[in-house]
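Comments concern the structure below.
Labels A, B, C and D are assigned to the chains in the order they are written; within every chain, residues are numbered from 1.
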């Protein structure tokens, strides 16, 4: 039960952007539903932290790549917890740089399945309900690869480029129906133990140190911007924005 | 004297975005300096409204097209009021749609002078001081014409396209020096009596009615987003974002 | 046998862009391989037209959506005809405007399979051979939907956005290896009986008449531009360009 | 007299792109008018080379920054030589990288005057005549700085960003009147003795050698692409394209 709180659903609720967004929306009065693929212990701990801080939260493990999984999640949350007022799609599909010869068909398809098809499925399941209720917000965490395709990013960039255009088609159809769709280009490294941290392993701390103070994006700052976007009055909605550390070169500039 | 309050300078402080941003920053604890070209009565009234609400404000008439005017303003504010922590460049140069044959050299140059050269002058006067202090924020209100050039927009689009690239070069040099530069693409009509209101005259109310509820951007909502941007932690800065009413077609979509 | 002629492979060799490109490259001295999904009679006729005009051509029916089909085609052409010097990926996935509720998962996936995954498969099969030979050209016919997502284009825009980013990642890895990758944004209706013609049926002629003289893109003009791109010296390669009728509004402008 | 040949006017006819375009159009049957700021000896030599090769050419020194200069040139050419069918605006305003503190107001204004205002003046003088004649082509050599603003490029990027938007507004108004406007993004170093050569001086040869074979753009290849664009049938016009050496990183990719 959410005590009639509005519901915030996070797909991809790790310890980085997803978890911090959940904390921010819980603090703001939402019941947050944290969905992630693995680590039930971590998930429970995250729920506990939020409830200990006086917030309202629940968690669910979900394999977004499985047929029906996202759709079932939406149905269950809506039936058992309450209407989802804001959803954050926070799954990525970064697999590191791989040459074409090392990018298997399976990897290329999995990129699409998680990064393009999954948000399409979430929107397909959720937007009819939001339309019926007359409002809703859909925030999509995205990446520089949605803006330009670098060497080695065949799977990731193709998936993210598709994601960006999808966000635009969703916005084109649903913004006039009072559903706010936002595509957020995270153009820098995020201090996220579950993604960048896992990828870098032992070298994560050294990497962060090498970037200097505030050289890696604080995910709680992203969460604050998500909160802001989600609460812009509808006469002044933002569809796309970029976020990067002050010392980082934007994607469009030469390094 | 600003009682040690940080200073927020608005160039283009009419009753729309500029005035509302001033109110928002005054509410947030800044001393605001409102600069505009004409209507000293309106300017005084705006200052009074802010001070009546408990804020700190001062006003100054300035013709930004005049050599030295912006530079003098910066010097005077810094000398007499305090260090400018955040500046909003809010002057536009929209002159309506004119065919090439009806776009005089003078109009084309004036577009550049107000919309491209003036923010360059403001940055040239202000950024050295911000660099010396180690921080600062520079927000530029911009327009769709910075993203694409429509028919009849020769002067405006050329000026705004220059403005956008200037914001990128300023960001490239100064973001690593802790100066936050933001280019905000206002992609819709603003409920601004001094600009759109003047342009439409008697038809302003009918126009707003024709757009329906929340069909015209509430400038106080833009002000709120400016406040948010100005206070993002430096590990998570936004350089560019768009703002439009929920029911409006984004510039990249077909009408 | 191609008499040692260089080989030009067209995937999507209908009577529009694909067929005209084949004619142009045959005229220029290539042996052209025309591959399309259906209508063996039309395919034979197209081959005959080219050979009657003194060119060298062969045809093959292929269902690009089938696993292995594109890969087998590349192997067979390379083994039996000769090294593919230039390949044109000319398959689209436009299914007309459909609301989200009317865009099935199957349709969304098929869009990706034909418009994003298929060119990835072609590149994966072909580029290693081109790299070994030290040169090659890969032209991709693309669409406005690769640049922005309009209402109703969920499947098409997501697929084309992925395609554009893929072309960039391919270019990033392979241009330095002397493989020219070009992404061509066809931003207007093409006088193509097999695609637009089929979609409009009886109304095709009326549609063309309504657009006025030269109001619909002549596919032989596109073919000429493809020829030009394919033969730019490598010190001066073009990666992306747009093509539209003189009277049409570019995608970035208001209609 | 041009013996009824169509006229091709080049503003910025140095030994790089401008001169090579002139040669290409002369070879194709145009009378070419070469206009440049200085070096009458070099200009005469260029005219002689073209006429020696059987082409038709004339030259004129012009300071494009002077009021009336471009306008007079257009009038004189049209009166004394013939109708200008195609004009190439080939003046740049690159002054090298300069920090904001080192970018004088004068330099910033000169950038605009040469790179934004000058093409506006050329279009203002020429387009009415083209409209009256019912056709024309206007090609603008542009630069990466029109797409994104790098550090140190305050003057250049602001000017080029304005130029790009101007090309779009010109295209929006005049393409439907059968005037082809093309904005060509030269995204790499050009083998041009008068510009890059002068800037690098003694180090020009070493620089070219460091880029490897075909590592610097051959301006005659650009000229060939200009020729192609200028002769696209009007059902299939290109407005924007990029050109770079095969081994160079596109502006949108990481170096």
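The rule we apply is simple: a contact is a pair of C-beta atoms (placed from the backbone, for glycine too) under 8 Å apart; a residue touches a chain by one contact, two chains touch by 3 or more.
Just so it is clear, the model here is predicted, and its values are computed rather than measured.
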item	value
Chain A on chain B, rotation in degrees - Cα superposition, rounded to nearest 5	180
Pair with more cross-chain C-beta pairs in contact, given B-C and B-D	B-D
Most distant chain from chain A, judged by the mean position of its C-alpha atoms	D
Same vs different contact residues, chain A with chain D, by half of numbers used	same
Between chain A and chain B, centroid-to-centroid distance (C-alpha), Å	31
Where chain B and chain C are represented by their mean Cα positions, the distance between them in whole Å	45
Centroid distance [mean C-alpha coordinates] between chain D and chain B, Å	34
Multi-chain contact sites of chain D, meaning residues that touch two or more partners	148-151, 168, 171-172, 252-253
Of all residues in chain D, those that touch chain C in their complex	168, 171-172, 175-176, 178, 180, 191, 214-218, 221-222, 224-225, 228, 232-247, 249-250, 252-253
Chain D residues within the chain A interface of the complex	147-151, 251-255
Chain A residues touching chain C - in the complex, by the definition given at the top	99-101, 103, 105, 108-109, 112, 116-117, 120-121, 123-124, 127-128, 145-146, 148-154, 157-174
